[in-house]
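For clarity, chains are labelled A, B, C and D in written order, and residue numbers in each chain start from 1.
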Amino acid sequence: MAFLIETLIGGLLSGVMYALVAIGFVLIYKASGVFNFAQGAMVLCAALTFVTLRDQGLAFWFAALVTLAIMVVLAIAVERVVLRPLMNQSQITLFMATLGLSFVIEGMSQLVMGASVHELDLGIVDTPVEVGPILVSQFDLVAAAAAGILVLALSVFFNVTRIGISLRAIADDPQAALSIGIRLQRLWRIVWGVAGFVALVAGLLWGSRQGVQFSLTFVVLKALPVLIIGGFTSIAGAIVGGLIVGAADALAEIYVGPLLGGSVSTWFVYVLAVAFLLIRPAGLFGERAIERV
Amino acid sequence: MNILRQRIRRAAALFAVAAGVGAALPAAADDAKQQYFPLATFRVGAYASSGIPVWAGTIDYLRYINEVEGGINGVKLFWDECETEWAVEKGVECYERVKGGKNGSPVPIFLPHGDPITKALTEKSVADKIPLVTIAHGRTEAIDGRVFPYSFPAVFTFWSEASSAINFIAERAGGKDKLKGLKIATVYHDSPYGKETQTPLALLAKTYGFEDIQIPVPHPGNDQSAQWARIRQLKPDWVFLRGWGVMTPVAIKTAAKVGFPVDRIIGGVWSGSEEDVRPAGKVGKGYLAITPFPAGADFEILKKIKEHIVDKGKSDLKDLKSFGSVYYNSGVNEAIIAVEAIRTAQKKFGARPINGEEGQWGLENLNLDDARLKEIGAYGLQQPLKLSVRDHEGGGAGKVLQWDGEAWAIVSDGWVKSDRELLLPLIYERAAAYAKEKRITPRPDPTSN
Amino acid sequence: MSSAETEAAADFVAPGAARDWRGLRRALPLGLLLAVAFVIVPLAGTDYWFNAILIPFLIMALAGLGLNLLMGYAGQASLGTGAFMATGAYATYNLLLRLPDIPLPISLVLGGLIAGAVGVVVGLPSLRIKGFYLLASTLAAQFLLEWIFNQYGWFSNYSTSSSISAPKLAILGQDLSSPVGRYLMTLTAVVAIAAVAARLVKSQTGRAWSAVRDMDTAAAVIGVPVARSKLSAFFVGAAVCGVAGALWAFAYLGTVDARSFGLDRSFQVMFIIIVGGMGSIAGNFIGSAFIVLLPILLSQVSDRLFGGTVDAGQLANLQRIAFGALIIWFLIKEPAGLAALAERGWRRLRPSGTAGPERGSRPGNTGKIF
Amino acid sequence: MSASSAGPILELRDVSLSFKGVKALNALSFAVARGEICALIGPNGAGKSSLLNIINGVYRADEGEVVFDGAPFRRIRPLEAARRGIGRTFQHNALFKRLSVIDNVLAGLTRHSRTTLVEHAFGLPRDLAESRALRARAEDIIEHLELTPHRGTVVSTLPYGVQKRVDLARALVGRPSLLLLDEPMAGMNQDEKRQMSRFVTEANAVLGATVVLIEHDIGVVMDLSHHVVVLDYGRKVGDGTPRQVRNDPDVIAAYLGTVH
């Protein structure tokens, strides 16, 4: 029983980390209707930039600020060079463009900053904490707390500020939003910039978990089922989806994997996500449009 | 209309430039007297961090041979690079591009350097008569050169890796009889590569009486809380970690997280480089790894490379921190085998560029004893090696390294041998089954009669 | 190949239609192309061209065709292409292994049909979900099938490395294991399947697919069996991808394991149809040329231009950047795919009036599917 | 058509529908007699389109039932409705926009196809014969609706009025016994309306289809229809011949009054 609880807690904490990546997708999808596959490359780019700057001897906060500035520049460039010319194209075309974009970002990052693997030490102590018979990772707790604060901040940002209200207007009805004078391009730049910030946070946490290297881009694969379960448009959905995916993943690995004689986590959460979809075709928190003919 | 024409014109111009450049390059007239040695590198993408030092080691050694030794018996080496990104199709394309040789100089040996690429090339290499040298990867059954005439999983197959790791545990436990009753968990990358050691470990477990636990980690392995929670529950005495890429540092970190002692984890060949353990940070201190490519810059040949190549700014390495690292040394190691095989072939066929068929002869008659290794300056870096038609592996031993937080130190008692005599019958059996399925008539072994 | 030629292909295989002399005239360029592909290329090609360029180009075009039928014509987005290819490859392998009396072409077709059946199962969620959610749900199939083939030894005849390798390729005693033989086998399969596909998309079935793609609610209301159309598209698309997978395993690589058909492969095939043109048969060939050949061209050109002078790693990174940038550039310049560009060029090359009237569905739209 | 041919072709009994708590239709009942042209009128948001969507199965009624051709149902799948002979055009353009006019019309014949995928793939004789027959029917209706000049054009490139006609052709070609027309004349000029009215009358008189249409132009409605049902906020406020409705004080109060 203790083992079950321990696995569950570990899974939930991992889930928060997945949610962190998923939020980057949600922001961009809400604002520009783009499923931004380059989010993984952005995570890599942010983490790699940060680590390289740190290796040059920059202080933590200064390195973080410079990285953030670079991510914002990247966001503006993406809006100008990729999104604007592709406005009014189908979502799948935009999706493919972000795949092309991920090649460019990955190539640039490795070109400028090299391909070697870096250690990233955030100074978080990672000795396990024992609560009775249950072992909890201190690092995961801190990471989950950081993710939680970020989510809270984003919720406030998007619920209170003008930008947030514009964003919701755009997501509800792009035409109407444009007609009342919301400046779409400025909004896109801001949202991509915020997504760059989220990528930085995700990059730092994931990077210190596994080292800063190319495979940071793979975290996208765990974020996808989170999005399916939570819906592409809901930040709350990303959190709940992340928790479900994290817990299901950990439990399945322990209790389902041995029955099937292998590791099931590459697919289990995806199958689970499809099961959710069949019940809620637009995710747990996604709005399903009423068909009008 | 105009736009289209313009586009066509532009495309044509691009082609003309490409073709013109190709034609304008002076075809090196004396290439035919040099030895072509194409390299299918991977410097981009997910595995670039390991590819870059590997190829630097290989290229630096080849440069050393050319510049200091004046080539192999006077035959200099020249090479092209072709980027594979460690992807099968790109590897196949590279192989096809270079297999015909260049300017009249044939390909003696090809280094696929990747498990999937090796498999895709296994049959093509037979048709093209180009030997594939795959150190510490590739099919284990290819040890049997009667069935796999052009595949050379030389030095250290996955089966030997597993067996050597067990033997190191025995060394630590105080003898093979002490293995009885131990719990040894293998945490492996859930892929054909990762599963390759299941069979030998099962056999070894039966032979020595230890408990064999297998725990898969799905690719890419960036979250292993579940796997290590199981380790914590099962409490094995040792963990044998067969990772790839990001899986290794995450495993080390997660092990620390659940309180499993890191000095009870033995990494396999592809979990045993600086790139694998450095990202794990402080908690990696004490981690062990078994490898046929011991790290260190003190080997004679590395000192020579440093003096003649690195210090003269001719190294392929950009980040000199990697000099003497496991991956760099593995590149040197591979190049040594290739160069020595060419040298062996030259003894029979003359001091001239060697083709693939002659390269095969050179490999199957390669004999690197301690004396020869000392001559090369690779004593301690490379194990004694003798290849034959029936034995394309030859060595089968590894050294165990321990990470002190900054660098590797060799902690095993010299080379830890594997139980090849125990494993070989099973390997030959599997090779025979492969031959049967593919309807291959095994080639006779000239030495057995 | 332009899509006018594809139409010609449809006419070419439709008895009766080719009697129309204009149809014949339109079939002529296609006939010439086929003659070159079947006669001249085998005589003139080198091993490199067959093994490294033509065979993968043709197979990826075929995989593109499979996905295009599903996504470009029927509007059902899928990232399960790799899984369908893997199913075709493993099914064909097991048929050849366990039922050695069945001739190779029949095993290929049966392998494709098995992949099609799996495709139907994968397509079941399409009855309830659409768009990106459907796309994401096909990922479940992608990962699950890849895992199954890797996990259960039976599929690979308990090979130590879970990989499958080609048996001796022969049809009617004719050995096809040489590069030319494998090329001709691939070409024949691709041409035959493309001809059937060209026919199919203009038939009742194809019309129903397009109706579902353009407006599925309206389609149902006017009596198009939406569910059946979606599933039949999954069946046909997956079957074509399955044959492509079998060819990839046997005619191209020789030995593969399931990783050869991973998510990257699915993305690659999707690139092919987006760059080439959704809802166009010829677009698959153009897209495949772009995606398969461009990296090779980039690498050859850059080697020749900068080889030895620029650091190899940097050069490889630059190629990757160039590849990504070119994809974005083409998406911006030609969102309807290169097939639309080629078709416009084709029309302009011919004297006005003979280009033929607008007929049937054509590319030239932006390929919006959701 | 069937044994029940004596009764009304369509009857609604206490049909209610709501979206997220908002009642779109409230216990609505009326009948449509076989062979008539019945107009549904009412202000925007009166629930007219929702009603058509219930009849051919796009929406499911929360309460009540629909009787079509003597067979009652609460919920019918759109495909089943089409198979039973309910045809439909759409308020907003719902054509298959990337297909040509002829292909759009041919798609309306899908339910009459008896051939299979395999026959289509290989062009087997049965498919060829059927294709010829279906094409002839489609050409017929195209000519009838004066669409011949556009037959090969991709519909998304056609003017709005022509698209509306294509929509009608697509619905008519399947020979429905009940034809639901959702604002077939919206956005048309007087000439186009007159032409469309003629087509609707012909469909009713020549092809024998019972027509239920939604239309805002009261002049057109009064000329064209035999029977008018007036809706307001999901309730029926009037039901009768055009003349009866015109003089109904409730109707005038609820709807007509606001227009004049």
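List of remarks:
Going forward, a residue touches a chain if its C-beta (ideal position, glycine included) is under 8 Å from a C-beta of that chain, and two chains touch if they have at least 3 such contacts.
The structure presented is a predicted model; accordingly, all values stated were derived computationally and were not measured.
Core chain by CA centroid proximity to the global CA centroid: C. Among the remaining chains, the Cα-based centre furthest from that of subunit C is the centre of D. Centroids of subunit A and subunit C (each the mean of its C-alpha atoms) stand 32 Å apart. One simple way to say how far apart two chains are is to compare their mean CA positions; for subunit A and subunit B this gives 36 Å. Centres computed as Cα averages put subunit C at a distance of 40 Å from subunit D.
Of all residues in subunit A, those that touch two or more other chains are 106-107, 110, 115, 262, 264, 266, 291, 293.
Each of the following residues of subunit B touches two or more other chains: 43-45, 48, 52, 190, 218, 318. For subunit C, the set of residues touching two or more other chains reads 147, 217-218, 221, 313, 317, 319-320. On the subunit C side of its complex with subunit A, the touching residues are 77, 125, 128-133, 136-137, 139-140, 143-144, 146-147, 151, 217-218, 221, 263, 267, 270-271, 274-275, 313-314, 317-321, 323-328, 331-332, 335, 366-370.
Within the complex, the subunit B residues that touch subunit C are 1, 4, 8, 18, 21-22, 25, 41, 43-45, 48, 52, 55, 80-83, 85, 87-90, 92-93, 96-97, 99-100, 115-116, 119-120, 122-124, 139-141, 190-193, 195-196, 199, 218, 318, 430, 434, 437-439.
Of all the residues in subunit C, the ones that touch subunit D in their complex are 13-16, 196, 199-200, 203-208, 210-211, 213-215, 217-227, 232, 235-236, 279, 357-362, 365.
Interface of subunit B with subunit A (complex): residues 43-49, 51-52, 190, 216-220, 222-223, 225-227, 229-230, 232-233, 245-246, 249-250, 253, 256-259, 275, 278-283, 318-319, 322. Put simply, subunit D touches subunit C in their complex at residues 56-58, 77-79, 81-83, 87-88, 90, 94-100, 103, 106-108, 110-111, 113, 115, 117, 120-123, 127-128, 130-131, 134, 152-154, 156, 170-171, 174.
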